[in-house]
C-alpha cells in the first residue's frame, strides 16, 4: 500500500475522484515507448474523507495497492547495493529491517502519495482561480519551449511544444537501446496566486516547494526565476521594475520568479527542477558485496525507465499544488505519505 | 531585537560563547572594502539556556539588539516599494502593520538567528567529528576553487583559494563605484557525517537544507552534487560506483553530493547556493507609488552591500550546521527566529 | 477503515502481532454480559512498518475494517441529534458533510487507533522494564481495590480485585434492563519509569496523558496522585518526604502520583479517569428536529453498552503507553488516528 | 528573562498593552495579605510584534525581567531536594546543569508567559464576543459560589461572591501563621464560543485545555462539566436534553460542560482545576542529601505563598484564552514559553 493521509481539508468541497485517477495514470509506468515496459495499474482507493463526491472535513486516507514484488531480488540488493540508489545508506540506517515489498521507502512509488494529495489540492486551488502547470523543459541537454500547457499530456515526453519533441524521444530511445539513461529538467508555473502567500524565513514559497521537490527521487537541484543565472547578473539588470497595468501592480521582467522575501508578488511563480539520469541501468557497474566485503560487479535487473522526467512532470505539478494549498491554509493541509 | 529560541539542546554540553560572537562578526556589515561602509556591532546576548559555559537543557534564548532605524525611510518604502525587495507583497500581506524597526522580517538581519543557532550547532557537531565549511565559489561569473577552508575567513571575499581573489575584489568594487551590485555562488561541504542521517520524503538532507537556504534573502537556487549539470549526464556516467577503502565503503566519484534517497552515504555532502545581486542599488529604478497609484522613479537611499555573497558564507555554514544537528537529533533541535 | 499511522518507531524491534490482536479484542464490543450484545470482530491489518515480526523503521500503518452501517440511521441522527453525543456540534461544524460510515470521527471506534499504537508501545516499553496497567476502580459509585493486575482481564468488568465485582456486574445489568446506563472510573499505574521523563510546561507527563484521555469519548475528568482531594489537604500532609531504600531515593507517600514538575520522580505514576454514563440509552429523550426546528422526542436505536468503563480499561492502558513512549523518544513516536 | 514568543497572530489587531500589565500584576506576588510578602514588579517588555498599539503579523516577543536570585540557596536545593518540588527529578534529568536564576523551568514564574500570551488572546477573543472568566471556587474545603465575575479581582482571594470570603481568608492566614499551606479549586467559564470549535481526538477542547493546565505548577486534576461526579450518575440523568430558545438550540442542563465529542456545543464551557497546597512550607521536612546519600531534615527558606490559588486564577483565565484562540485559528496561535 502506498498513499497518503491528508488532514485539514475543509468540509463540503467537491472533489472529482476520476481526475485524481487521471493524474495517477500520468505517473504510472508503462504508458509509452519512452518509459519502462513494465505496466502497472495504480488504482485509487479512498477510504475516508471524501463521501458522495465531497470532502467530509475528516482526514482523507487514500492509496493504491502495491504490486507483487519478487523479494529474492531485494535480497540480492541488500548484498550488493546499486550505485545511485539508496540501498547502501538505507541498509546501514535500518540494519536490514526495511520492508522492500512495493519498492520500499526510497522507491519512486512513494511519489504516489504526492500525486494523490496534490491532485486534490489542484482541484481546490482551481476553484480559487489558481493553476499549476508543469512540463518537460529539457531532456539530455535538448530543450523545448513553453508554448502550450494543453499540449503537455498529449505527448509522451510531456513537453509544452512540439519543438524538439521528436529529438527528445529519439534520444531517450537511444539511451534505452544502450541500456543507459538520461536526465532532464521539469519547469513549473503557478498562475493566479494572490499577492502575499508565504511566510518569512521557514515558510518561504521557495523553501517549502524545494523541501518537497528534494523528496522526489532523482532531484538534484531547484531554482526559482533567474535561478543560478542570477549569480552572473547585475542588480540593475536583475531587479524587476514595477509598473501599473490597469489596477494591477506588475513587473515587466520576472527574474524573481514571482516571489520576493518568500512571498508571492502577483507575477507567475516559476521554477525548475533538475533530475539526474535514472540510476537503474542495465550496464555492468562496480559495487561492494556487503556480506563478503569484496568488490564485485552488478547488472541491475528488470525493465527500467530510460528517463524518469516524463513521469516526473505530474509529480512536480501535484506536489507544487499540495505545497501552495498548505501555505494558503496556513499549514493546516497536512500530508503524510 | 533579532535572535533565536532553540529547544531540544541536551544539557551539559560545553559552548564557547566567544566563537558564536566570531561567527556573528563574520556576518556583520562594515567588515571590509567589499561590504557596505555601514558599521554595526552585533553583540550577542544569551538570556537563558547556557550557564557557566554549559547548556542547561532549557531553551536557549539568544539575540542581538537592533540598531536605531530612521523610520521616516520606511514610510517612504511603504509608498514606493523597492524593486527586488519584499516591500510590495509585505505591504499587501500585512496591510501596512509591519514593524520596520531593525529592517523587519524580510531584512538580512533575520539571518542573525540562523548564525547564532548554527554556530552553537557547529560546536556540538565538532564534538562528533562533523565539520561544516562554506566558501565563495563564484562571484559575478568569476570562480575560485576550493583549496583551503582555513583561507576562507582570512580574505574579505571568503574564497577558499587565492586564485581569482583579486579579480573578484576588483569586480565588486567596480559594481560599488557604479552604484550597482553583483551576485555569486556559495558552496558548502559537510564532512565526517555518519552514514544514514536523513529521512525519506519530507526529511531528506537536501530538502531540509534547501528549506532553510531559501529563507536566506537573495537565494535563487540550490543544487546538490552534480546539480543541474546532472540533467545532461548519462546514468552510466552519473552513478557513483562503490569501492572498498580499508573497512570503509566509498564511491570514486561524488555526483550524488554525499546523499542517496535523502540519506547521507558517507561521502562529503556538497551543495551550492546561488545568490542574486543585491537588490538595493543606488541607480534610479522605476516603481509605483502605492498611495497615488502613479508610476514613479526611486533611488534607494543608504550605503549598501555591492555583493552579499561574502557575508552570506557564514550564514550558509551556520544554517547548514543547524539543519544537520536537527536531523541528527531527530527534529528535536527546534529553532525559531 | 479505522486505525493509525505511527512514525518514529526505531527499526529491528520485535513486535508480537498476536498481542495487539488480544488488546483489540479486549476493546471490542460483545465480549460479555455487561457490554453491548452487538458482536464485532476487529481484525488487525498491518500494511507497512512491521515485517517478519520486526519493525522496519518505516511508518507503521495498521487498521481494522469497518462493519457495515445502516446509513438510514445516520440520516435520522442528522435530523434529531442525540443528547450527550457529538451529533449536534458536528452537524454545525461540518455542514452535514461528515461520513458516518463506521460511526464517524466521534465514535468510540476511533479509539481502535489508540489501542493499536499503544499496544505496540506497551511491547516496546516492556523491553525497558516499564509496565502500564489500567483497571476499573469504580462503577456506579461502587469501588473495587487494586489487589492484582493479573485479575483485570480475567473478569468482565476489569476490576483488579474480586471485591465488589459481583455488585458491579449486578448494577450494570440492572441499568441495561432499565434501558439506562452508568459511569465509572478507570485507574492506571505506570511502574518502572526512570526518573526525569517528561518536559516542563507543554510536555508534562500529566498534560500529555490528559490530552489523549480527553480524546477518548465519555471522559469527564483526569486527576493524578491525590487529585481533587489535594485541594483539601495541608502542605505538610501532602508533600511526599524522601527517604533512602538501598541506593534508591523514594518517597513514603505518593500524593504526587509519581510526577513532580511534569517529570517522573521514580515512584509509580498513578492517575484516574472519570467516565460519564454511556450517552446512548433506550429511554425516550427530548431533542430538536434540525430540519423542522421543532422540539421532539427521540428513542436511540440499537444495542448499546450499559457501561463503557470495562471496554475503556484497555484503551486507557494502551493510550498511556503510547504517550509515555512518545515522551521517552522525545516526541518522535507520532501517532495519527 | 521569562516570557513568550507568539506566532500566528493576524496583523492589524488592536492590543492594549496596559491590560496585559494588569493581568501580570494579578499574578505577581506580594499583592495582599494572603500571598507571600515577597514583592515583585513584573514589568512587561514587548520587543516585537506589536507596534503603535497594533499587531504587526510578525511573532510577538514579550517578557519580564527576572529578579535577582540568591544562588547559594539553589546550591542548597541541589544537595537536599525539597519535598513536593521538581528539584529531585530535575537534578537527575539535567545532571545539575539547570539554570536556577529566576527560579528555573519549574518555577511558578514560568506561568508569566501564559499570562502574557493569554492576556493578548483574551483581547482578541473579546472582539468576537467570547469571554473567559476564572475564579476561586474552593480553598481548603471551603467553597464560594459564582455570583459575579466583576467581584473576582476586587477581592484578595479571587472568589466570585462575598459568601465565605472571610472564612477563606482566615483559613489561609492560619495556614501562614502555622508555616503550612492549603490547596483549592479554580473554576473557569468560557461564554460566547461558537458551536463547533475543537477537533476530534487530539484536538478536543478538554484535552487542549488540560494539556496547558497540567503545565501550571501544583495542578493535580482537571474536570469538565459534571466531571468526576459523572461517574456516579445515570445516563438518563446526565444527558443534556435539547430545546429551542428562539432560533438557538440549547440544553437545559450542562453536564457536558459545553463540550460534546471535543467540540463546543454552544453552551458555556465549564471546567475546574484542582491545586495542591503550596509545596514550600516552613515546617521541618525529611529529605535525602544527594551528595552524602544520607537522610536529613530540611526547612525551606524564604517567604512563601500559604495558598497559590488566588494568584493562579488569572493564570487559568489567560491560559484558557490562549488555548481557545489557538483552536479557533486552527493551531496557528503558537506560543513558546
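Letters are used for the chains, namely A, B, C and D, taken in the order the chains are written, and counting of residues starts over at 1 for each.
The working rule: a residue touches a chain if its C-beta (ideal position, glycine included) is under 8 Å from a C-beta of that chain, and two chains touch if they have at least 3 such contacts.
Note that the structure is predicted; figures quoted are calculated from it, not measured.
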Suppose you hop from chain A to any chain it touches, then on again the same way; how many hops at least until you reach chain D?
1
Could you tell me which chain lies farthest from chain B when each chain's centre is the average position of its Cα atoms?
C
Rounded to the nearest whole Å, what is the centre-to-centre distance of chain B and chain C, using the mean of the C-alpha atoms as each centre?
48
Nearest whole angstrom, what separates the Cα centre of chain A from the Cα centre of chain B?
26
Centroid distance [mean C-alpha coordinates] between chain D and chain B, Å:
41
Mind pulling the chain C residues that touch 2 or more other chains?
58, 93, 105, 200
Using the touch rule from the top, collect the residues of chain D that touch chain B in their complex.
1, 5, 7, 11-12, 47-49, 51, 54-59, 61, 93-99, 101, 104-105, 336
Chain B - residues contacting chain C, complex:
8, 58, 200, 329-332
Which residues of chain B touch chain A once you look at their complex with the stated criterion?
81, 83-90, 92-93, 105-106, 110, 138-141, 175, 180-185, 195-196, 198, 200-202, 204, 206-208, 210-215, 217, 219-228, 230-244, 249, 251, 255-257, 260-266, 274-281, 283, 285-288, 290, 293-295, 337
